[in-house]
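There are two complexes below, and they share subunit A, which is joined by subunit B in the first and by subunit C in the second.
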Partner chain A sequence: MDALIKKIWHALASVRLTFVCMTCLCVCAGIGYFLIRSQVHVFKPLQDLSLISWAKTWGLTHISVTWWFFLLLALLALLCLNTLVCTTDRVNAIWRNRKRLPSRTSLVLRLSPHIMHYSLIIILAGYLTSYIFANTVTSLILLPDRPTRVENTSITITLTGLQTRTYQGKRMAPFDGRAINATASLLFEDSKGRTKTAQAGINRPARFQGLSVHMAEFAPRSEGGMVRRKYAGLTVRQDPGIPIYYAGMALFVLGLIFYVFSITPWGERHMRGSYA
Partner chain B sequence: MLNFKNKILILSTFIFTALLFCTGCNSSSEASIQEKNAEKAAPTPASFLALGEFSVEYLEDGYVKVRDGAKREFLLVPRGKPPLEGFPKSRIVETPVRSVAAYGYFDISILKVLGVIEDVLVGVTAPKDEWVIPEVVQGMESGKIAFLGSYNSIDFEVLKKTGPEMAMTWDHSVIPILEDLGIPCLITSTPVAMCLNAKMKFVNFLAPFFGKETEASEYFGQVAGVLQEIAEKAAQAEEHPKVMWGDIYEKRVLVEPGNAWVGELVGLAMGDYVFDDVFGASCIEISMERFLTGGEDAEILFTYRTPLTGATSKEALAKTNPSMSAIQPLHAGKVFAPLPHYSQSGHKLDEILLEIAAIVHPDLYPNYERKYFTELPEKDA
Partner chain C sequence: MAHCIAALSSFFSANKLAESFVGLGFLLAGISCILRLMKWHPLLALYQAPYFAVWAFAGICLFRSFTDNRERRLFFVMLAALSLLALFFPKDHYLPFLRTRTIFAFLFMLLGAGARACFFAAAGVAGAWLISPEGEHPAKIAKASWRKWTVWGFALFTASMFSGELWSYLGWGAPIVWEDPAVIAGMVVWFYYALFLHLDLLRFFETHRIAWAAVFGAVIAFVFACLPDMGRFFPPTWMP
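Showing the complex of A and B:
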């Protein structure tokens, strides 16, 4: 059994595997680019459905245009394993020889590229967690001053104000009086009576107790024209992947900083004299 | 020193920590219940229908899960059976639905296709004199169908009194009000224009609400047959006329994008749709320059305006906006305006598709008599 594990471990540590994986990933992503463009609507539900739900329905029903995506996931998983094994081998080698290194600084600097490799795996794990476990509530419609409960939670959100900024530039007649930006003032309240006021705008989500609230639509959108009731349409996400990929990114930045130091004359001086 | 076992230990710890992180996050999520239920009851792929941005998923024991135009999931529950867990009350609809209030002409036309319009329609948002569908006119005359008020001033007292089991609308802002009234609100429009496939299959989306899947399949087969016929005939066409569909209003230029069903149909009929590169919602706004550039060598223009709303002649159309007279269809091509009953003829989609194909290639359809569009004369009589 040990022999088999060792064999698999060595196979996963192969640089040739990295090369094959990367090439296949490029080809797969290239094909995917054209297949997505051919049927965008098949992939759009991935924005709000879990990966498993999507795979069982849209994914399998349209396998002729989604096969590359499943292959891409498998290749990414393989690349992650390959990176993990290679990096662990290198970390192990450095750790074994740590006493031969001139200082602790040298050890940290030598570990820096491997920290970045581990970080990338964590970031990818974060994305996978999002795709599998994130819960998205689409089209949460808020009318002014009406508390609305977010599905499957005990949190209510009230729209206390909707500020729209209209175009007043006069240079583009069709845009005169049309909304070019909007901000919703929101009041959050949980079951324990804890409240928070926040503003959500286009590309500027509000956050409350693990929920991120994104403004997806609003009305009215222009002065005059079609008369519409005032409302804000929100997309609410509860995404356990966010802390994981934030952690991954923080670690990556840390690794990058160490790496940048390692390639400076200062860093090279610290590392010189260590094992080859 | 790390030996092989230690390496495995590091790797296992890493994977275990990652899994723990994921599981921990998941268990803290109250929202996962619905997902788990959905996954438990997952159907075989054959029982899943993707209809543009809508979808229908047939589960076991007659339950159906549908996804509306606002990406919200509804559970259709056969009468007498308990609802599945994980769906809020406002997203549970007992089937077959017995009464419906509807905003859109196309939705109501599809009720006619399904053969339920007389039985289920109880409220509309256009007054009686705007209707041409006989069942609606008769229903309003007899008092069975109520005028609920226009889309922006719905009389919710009247709506409540008519007691619909479900409402179908494009207006997202009524969702909270209807949910407060205990009426599930189905959004039947999508942010992106319906493609030809979605337009044809929309009937399959509404069918499970009324248990009329057979009628829906028959209708789809009929429309698909006509489309096949159009494609076969169009293959003989030697010319590819340039077609545009849109209009210039006081301050806005609106067109049908290339991803809309009309754009796809023109392509299928071997026409050249000039806004093929425009993607987005139906009646999408584009710049005046793009419209005029597209119209420079277009041969056919379909307007949104009907003769009742100003499209009586090319001259009349040009008067509404002088810039429009620069496009070729207004002086050297053809302009077609929809007749007032066109928008309420969704149940005759096969005839409409055929008519558009006949307009694009009149040589392939000699003696074709138009029913839904009128060709505008040069000047008013």
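Showing the complex of A and C:
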């Protein structure tokens, strides 16, 4: 059994496997790009549906357009395993030989590519969590002062106010007299009577008990003309993947900064130990 | 036009004249880019990246010291070609939408444009080394140069993609906006350069093959990062 595990571990640690995986990923994503462009409506529901629901419906029905996506997922999974094994081996080797390195800076700089490798796995794990476990409610229309329950939760949201900012000027002629920003004042309430007031705007989501509320549409959008009823259209998401892929991204950026430093003359001196 | 004259001048070895025209082009492209940003501020018109990529690449051409005339010529021809393509195949006639009102939309576009310029610079260095007579330029110096440009391009491209993902979350609540296949196109470029860096750093291929891979990278960057931002042939106008 041990021999088998060692054999699998050894096979997964191959750098050749990394090259094959990455080449296949490039080709697969390249084909996918042209297929998405030709049939964008097949992939659009992925924004709201979970990966499994989408795969069972749109994915399998349009397999001639979506096959590359399933192949991409398999390749990403293989790349993750390969990266995990390769990186763990290398980090182990660096850690065992850390006393031979000239300084602590040298150790950090040597670890920088591996920080990026682990981060990539965390980011992909975050995406997978998001696409499997996220709940999305699209087009939740709120009218002023009417509490509306969010589907599959015990939370109600009330629109208590909607402030729009219209553009007054000639520089952006098509926007003259039209709204260029909007903020909805919201009152959240759960089944236990806990309440919170928050504001959600364009690119400014509001949060309440694990939910994030994104403004998707609103009215009125312009001054004058036909008077439209005031409303805010929201997208509500409960997404446990977000903190995971945000953490991965932050770690990746950290590793990238160290790596960029390591290729500067300063970094190269530190790596060689000739900085003194 | 200034970049085209610079490319022509470089063929007649009028290096000072060529560099002056690159400088003039850099200045004019910069003014044009700033005006484009100012016109729609605080919003951002889509598909502006080709202009900013030209500006960034002109900056590289202006401030980089070239090893010989061959390299200079190649860079200036690439700059002229990119400028003509950006000028005659614009796609920035769409009105900006409200969700572009965030710093992450601007970072997505600006960092992406910078990354493209770095990838083209890496391809330029590798291409010039490939066409130079064998032994004329040490492979070590050329290799270090294209590696540096690739690393910078990769870092900027990664930062651009992360900015895009943050924008996507803030605006739509989803990690990827599937209405626009730009993320998948970005993925091709990202994985290609990640593969390239691994091949280069682990010395998997000999220098010649790596140089060809750097040149091919420019083709990948053009097809998957530049072409999606370009439209049909359209005569240039004063303002988008």
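The rule is short, and it goes like this: the second predicted complex is superposed on the first by the 221 of 276 C-alpha atoms of A that agree within 3 Å, B and C clash if a C-alpha of one lies under 4 Å from a C-alpha of the other, contacts with A are read in each partner's own complex, and residues count from 1 in each chain.
As a working rule, a residue touches a chain if its C-beta (ideal position, glycine included) is under 8 Å from a C-beta of that chain, and two chains touch if they have at least 3 such contacts.
Note that the structure is a prediction, hence the values are computed from the model and not measured.
**Student:** Return first, second, both or neither, reflecting whether A:84 touches subunit B, subunit C, both chains, or no partner chain.
**Tutor:** In the superposition, A:84 touches subunit B alone.
**Student:** With both complexes overlaid on chain A, does A:11 touch subunit B (first), subunit C (second), both or neither?
**Tutor:** Neither subunit B nor subunit C is touched by A:11.
**Student:** Counting only touches as set out at the top, which of subunit B and subunit C does A:44 meet: first, second, both, neither?
**Tutor:** So A:44 meets both subunit B and subunit C here.
**Student:** For A:252, using the defined touch cut-off, is the partner it touches subunit B, subunit C, both, or neither? Pick first, second, both or neither.
**Tutor:** second
**Student:** One more residue to check, A:74. First (subunit B), second (subunit C), both or neither?
**Tutor:** neither
**Student:** Where on subunit A do subunit B and subunit C both make contact?
**Tutor:** Residues common to the subunit A contacts of subunit C and of subunit B are 44, 48, 174, 241, listed in rising order.
**Student:** Which residues of subunit A touch subunit B in the complex?
**Tutor:** Listed in rising order, the residues are 2, 5-6, 9, 41-42, 44-45, 48, 50, 52-53, 56-58, 60-62, 84-85, 88-89, 92, 95-96, 122, 125, 129, 132-133, 135, 138-139, 141-143, 146, 148, 151-154, 173-174, 176, 217, 219, 226-231, 233, 238, 240-241, 243-244.
**Student:** Any idea which subunit A residues touch subunit C in the complex?
**Tutor:** By the definition above, subunit A touches subunit C via 15, 18-19, 22-23, 25-26, 29-30, 32-33, 36-37, 40, 43-44, 46-48, 126-127, 130, 136, 171-172, 174-175, 179-182, 202-205, 212, 214, 216, 235-237, 239, 241-242, 245, 249, 252-253, 256, 259-260, 263.
**Student:** Within their complex, state which residues of subunit B touch subunit A.
**Tutor:** Within the complex, subunit B contacts subunit A at residues 1-2, 4, 6-8, 10-11, 14, 18, 21-22, 25-26, 28-35, 38-39, 42-43, 45, 48-50, 52-53, 55, 57, 67, 70-72, 88, 152, 171-177, 187, 192, 195, 198, 251-253, 285, 287-288.
**Student:** Inside the complex, what are the residues of subunit C that reach subunit A?
**Tutor:** 39-40, 42-43, 95, 98-99, 101-102, 104, 147-148, 151-152, 155, 158-159, 162, 165, 167, 169-179, 181, 184-185, 187-188, 191-192, 194-195, 198-199, 202, 204, 220, 224
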